[in-house]
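Just below is one structure, and these are the notes that go with it.
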Amino acid sequence: MANTNNDQKKGAVLVVGAGVAGMQASLDLASSGYLVHLLDKSPTIGGIMSQLDKTFPTNDCAMCIISPKLVEVGRHLNIDIHPNTEVASIEGEAGNFAVTVQTQPRYIDLAACTACGQCRQVCPATAVNEFNQALDLREATYMRYPQAIPRGFTIDREVCIGCGLCEKVCLAEAIHYDDQARQKVLEVGSVILAPGNEVFDPSRFDTYNYLNFPNVVTSLEFERILSASGPYRGHLMRPYDREEPHKIAWLQCVGSRNINACDNSYCSAVCCMYAIKEAVIAKEHAHADLDTAIFYMDMRTYGKEFEQYYNRAKEHGVRFIRSRVHSIEPAGECDLRLSYTNEKGEQKEEVFDMVVLSVGFEVGQGTIELAERLGVELNEHHFAVTDGFMPVATSRPGIYVCGTLQAPKDIPQSVMEASGAAAGTSAMLSEMRWTETRTRELPPERDVSEEPPRIGVFVCNCGINIGGIVDVPAVREYARTLPNVVHVEDNLFTCSQDTQVRMAEVIKEKGINRMVVAACTPLTHEALFRETLLEAGINKYLFDMANIRNQDSWVHMNDKQKATDKAKDLVRMSVARAGLLKELHEKKVEIKQSGLVIGGGVAGMNAALNLARQGFQAVLVEKDKELGGLARRVSHTIENLDVQTYLDRLITQVKSDDNVTVLTEAEVVGFKGYKGNFTTTVQHGPDKTEQTVEHGVAIVATGAHEYQPKEFMYGESDRVMTQLELDKLLHERTNGSDPATWSNVVMIQCVGSRNEENPNCSRICCQSAVKHALQLKELNPEMNIYILYRDMRMYGLLEDYYTEARKKGIIFSRFELDNPPVVNRNGEGVEVTFHDHVLQRPVKVPVDAVVLSAATLANETDRLATHLKVPRNAYGFFIEAHAKLRPVDFSSEGIYLCGTAHSPKLISESITQALAAASRAGTFLAGKTLSVGGAVAHVDKTHCAACLVCVMSCPYGVPRINEENVSEINEALCQGCGVCVSECPAKTIQLSHYEDDQVLENVHALLEGVM
Amino acid sequence: MRLNYPTNIKIVKLPCSGRVDILHLMKAMEEGADGVFVAGCLEGDCHYQAGNLRAKKRVAYVKEILDKIGVGGERVAMYNLSAGQGPRFAEIAREMTEKIKALGPSPIRIAKRKAAGRPTTEEAA
Amino acid sequence: MSTNNSAKTPSKLQKIMDAGHFGVTSECGPPRGADGRIVEEKANLIGDYVDAINVTDNQTAVVRLCSLAACIRIKQMGFEPILQMVSRDRNRIGMQADILGAASFGIHNMLCLTGDHQSFGDHPTAVNVFDLDSTQLIQTVKMMRDEKKLLSGFEMKVAPEMFIGCAANPFADPFEIRVARLAKKIAAGAQFIQTQCIYNMDKFKLWMQQVVDRGLHEKAHIMAGLTPMKSLGMAKYMKNKVPGMDVPDSVIERLAGVPKDKQAEEGIKMCIEQIQELKEVEGVRGFHIMAIEWEEKVPEIVKGGGLYPRPKVD
Amino acid sequence: MIIAKPKPIEEIIELVKDLKSVLVAGCDGCVTVCEAGGMKEAQVLASALRMYFRQQGKDARVDETSLTRQCDRPYIAQLDDQIEKYDAVVSLACGAGVQFLAERFSKKPIFPGVNTCFIGVTEQKGEWTERCQACGDCILATTGGICPIARCSKRMANGPCGGSSSGKCEISKETACGWHLIYERLKELGQLDRFERPNDPKNWATSRDGGPRKIIKEVSQV
């Protein structure tokens, strides 16, 4: 990227693939000043996550958490969604690419389509519904799922019979049977690849009889079965007879960790967790007792708080059987017999009603071809080749990668990578920020606060969606009779572009100062109509919507009279409320263009450096004298990358960057302000010099440390050491303690992890052990190395190293928590006794070294957490805003986290997360100003009793009792939930836009109609 | 997901069930509603952390008052559902309507109509 | 106030213990009605086997025939009563008046208590007085006796002569302050101490050791409290339901090990064994046998414990 | 602060059921803070009463207001103009406020709408506990800052009694033993010597036992 001429750089970015990763990358970039082209080859965005029922480990409903993102992407002024589109070719270089894209015909004009659904209702042709994994059918004219973005239908010409019915009923005239494929060239500075993976097709395994037995389903099919919007409406049923199953088995590693029947030697990284989730959720859905059994090899619950999820599932009665099942046989009419060998070597047989194949990920053929077209190198598993120290950069400069094309991974990891890729892009193109983005020019707002309400009511027919059921003219005439109403009209489609323009004119012409639209849901259309108001110079809060479609015509279609009556009620309610609405003025607050990064390890340094490269000032605060953190003690990664060389380079870059200020021996001793405007007091240097830092964002990267074992004679014998101590020996190779001279080594896993005191899995210790075992074997191939483990958690591509280790003769022996190995003194040396689960007897080994894979524990951050008011879990790791979709944000805006302060992770993962935090922070800073206020709480201090009830009830800790001894709610911090308002015993707090009289007027207007 | 439910359900929109005030529920009943239910997010899923749990307590509180003044606490209810559960909403709407219909019109509404000299025999609306 | 706890009174109990004998007391709970003969019947069952008879004062906050009247009856039978007085039901005026009344009938022993909270009793809605607490009641009695003054400072011509006792619970929490609190009561003027019933001998001995270490056993007579177990059911009840009671599992197990019809007998046997063991514990100066609604067994226990016949003093 | 809790609504209904107009008067002082009698509670109660009357077929008037403090005359004087409109007032102030209203509006029945409970503190939102019995002669200096009168069920001056168990009072496992707390605190302060010193009988004359109390601050008077 160094040789790119800035004049040629583009301020636009292409994101290929609109799953959760692609959406996140797009949102970050579009909000931080770049025009984003978001491509997806399907007609909608959302990717595989939109098909999931619930997500682990929070059991959130996937659609509930993804749909706000869908809407945000769909509405973003600087994201152009290109559905049905693929990359054809690329030219140019980093900073300036010309990408030719090919859009397949959709046959429905998205600009005209209002998603009213009439076309679907008349469509006579059906096809397999791929969204529901072929468990049911859909029409040829379809929308992939109800919440889909872009909101518009598609015609599947493969099955369309061309009958013309849809064209006839479409009042918006959106249907174009003659639609053609189109090509266009997009000029972008960078490309982010997020095409995702496909799930493994198990029909390749004939012994699983997936194609022959209907009750053998894939895990993704099972997600759809569980989903409330799925083929069975969320009722737990098996496909064969639509009966509720009583006994379900999950078979793990289908299409993963297997080089015999397929080529996927890697671990797919997510299947253990989703199988547990599916088993637990299925139990919750079942009306009778449901027996669930998961057949697995290693239970890989290595993510943050995953182990507790696993433990809870066991308490829930989910059975975990350590065995790989090789075939599924029929039993009776439609049941399924599994034969397997248990751990004791006994042959067992069990019959299940249903079997779920936990299918893994693989890179699709289309993606492999895409990579080829783009000149991006893939590895032997077809995942993108990346640098361990820049895990989001592909082999081609200017092209970044995130999500499962990089390696198999779960949603939070994908989201982090997406932000990381955005950070890479943003650092590269920072001088082009805001050069290609669009802004909306608005006329000045008219002050209407002194005017009596003049309400305009617009009633929508929504084609025939509303008009076909509700007597719209009657509603229109009724609205005319309501108080303060000065203008009423009805429209075929109130949301159509031409109507919008005309509405703005009418508002100006008639002096309308409050608008009511009786149409569909504010969820999708409020923003649009508010914009219309703004175009007419009216404050956007002077608006209310009566939902006479979703809440009326759609749900009362069998009783037109009652639906019409209800529409009148809803309009009356809206008009009443509108009369009381007040103008609200959001204030612009400057955002300080700098960030404070706390912690100078790999994560903190990467975050600071990326912020700096994005053009912001960064102050890096490190508690030690030296930068580097825990990585100073790691010589090489498992891929044999030299960590120390990297670290030296990184430190040099950080120290020499003009935008970075490094404070060492530093501690945060004071923190105040709010997002965009923080003031932190730092004491640093040997003299504890106090310095005040003003900054717009903060990133917490306080890191972790290795647990000092109390067990296994640690500290009693110098033969017993931790993995990091072994690393040092391996690195230094000094006489007398050269590991090359050893002949027997035992490594013990899960020391200080996965036990009562610390139920978390430390994620990285399995790979540390395998890494060091391989290094020892390298030094001395004759060395006997035993790794005593509970589950080998070599997730994702790490699995290959596990395979290599076994090939090289490293012995892996499993132990149970209640029967751990024993380390004893043996003369000068030590010996280890452990139970061999293959031999089923105790084995005693005299050893030269016992290496303990000690837990990774959070660093002490009590004071910092108190200063920043950010939450931590019981084990001292910081808690992100949302485990799934906001993995680097804190719930208080403007503060982010990364690295091992979040949870244990590899260096590469820390770097990714650091970039992600920098991206989120940069996105916030790039806005330069912040709109605050609007629908937030405000205190009438004359009646405030300073009772602290608001202070105690606010979930965000916003209210405070100020110097005047009354409650004060900072509008920049208030989230507008209204909890304090409803708790205030003096009734002296109101939530703007939802003030008591506004709510009660709504209620009053409804009920006066029935009195 | 266009499922049918009775027309007598009308929705008052608030940013969070945590904004539902005891007074809102009381006033709705006082104004003559036959029943009120609060539809909050699933427990543990509150966007604002615990607004729905507060709403649940407030509903319970209002139920107690309504029982004591003879209006009947069963006329108010709390339900938890996610935004993705359209069918569940319809089910709740039907369930609540049936429950209220079985109870008949609210005594407040009957009394108000009587005082205004209007017929009081119609079924719960 | 004076710290002299050796003040001599006409109390027979005091004389017996001052003479170096083990003192023996037992108690009798008055009826929840006006039938005074019940008091007499109970006193007759135990009178010859003990040095003095405690009469409870609305025990567990349940209204009963008043302690003062019952004491007078016992006194008139020729036995020596111990007037128990709780500060829950009367203020300092009422209590001083009752003390004077008792003294006028030749009652010379008092056990000063705070009393159970009324919420346990049959009148939970009653007001409680607690004008004084047990320690202050001890102070008051001592002042009346030694300084011949009422709390108001009024000087009496004839003062009550009371051997002043109080209760101590070695098993209540926190254990570490139990001896300190005893010291405080002794500092206030307590001359004899009746302990909570003892089942956990180890803990009692630990407590007693601390008492001896501080020399408290030389300032006041410590009387070990004993209640024989009637049955396994009673033992379990005492263990689980009665506050401040410490019944070790060994006691439960021993009772559980004998047939139901032999449990009462076993209980008496255990009590006697305890007396024998406690006689050897330094500082123990007497026994307070609380055979709850089982007064007829007191003679057997006293005899079995080698405490009969009772010594005669002037 | 004074801690109160709302009276059961049925009790209030019993008081006002025969009236035609009622004013519910909250107080912005202590009872607002303890969520028993502020504007919010006044509105809730008034709404409940209106519903009660309505379904009884009565057209009664129930209004609500809240005064800055019902224990000061200028604030209650704000009702002078309105009082005639009502048959009675339900005051949600503490007992002092109720009485002060009653004194001022001697011809109007003034009913209490809350039970005044104690002088206490906010433990957490929605939880209050007693700390002071207003005995008029503070002894906290000698008891480690923890009041045995307010916090020992038997107001013992020389506790704890034999019923204390695991730091809890004999009357309830929910109640901390005040004397256990005193002991722990004295230990922390290194003042355990105080613990063994018997406290003399208390002078209760400064407390309620001395009759209704009155304080005069000479310097504040003319």
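Observations
Chains: A, B, C and D, in written order; residue numbering restarts at 1 for each.
Definition applied: contacts are C-beta pairs under 8 Å (C-beta built on N, C-alpha and C of every residue); 3 or more make two chains touch, one makes a residue touch a chain.
From a predicted model like this one, the values you see are computed outputs, not experimental measurements.
The highest number of C-beta contact pairs joins the chains A-B.
Between the CA-based centres of subunit B and subunit C the separation comes to 64 Å, rounded to the whole angstrom. Annotation: 35 Å between the Cα-based centres of subunit B and subunit D. Computed centre separation for the pair subunit A/subunit D is 51 angstrom, with centres defined by C-alpha atoms. Taken residue by residue, subunit B touches two or more other chains at 22-23, 27, 112, whereas all remaining positions touch fewer. In subunit D, the residues that touch at least two other chains are 40, 43. Listed for subunit A are residues 953, each touching two or more other chains. In summary, the structure contains touching chain pairs A-B, A-D, B-D, C-D. Touching subunit A in their complex are the following residues of subunit D: 28-29, 32-33, 35, 38-41, 43, 66, 122, 124-125. Those residues of subunit D lying in contact with subunit C across their complex are 153-167, 170-171, 180, 183, 192, 195-201, 204. Within the complex formed with subunit B, the residues of subunit A that make contact are 60-61, 63-64, 67, 146-147, 228-229, 233-234, 522, 547, 551-552, 554-559, 562-563, 565-566, 569-570, 573, 935, 953, 955, 975-979, 981-983, 991, 994, 996, 999-1000, 1002-1004, 1006-1008, 1010-1011.
Residue ranges on subunit C touching subunit D, taken from their complex, read 88, 92, 114-117, 119-120, 128, 130-136, 139-140, 151, 167-169, 172-174, 177, 180-181, 183-185, 187-188, 196, 243-244.
Across the complex, subunit A meets subunit D through its residues 943, 945-949, 952-953, 984-988.
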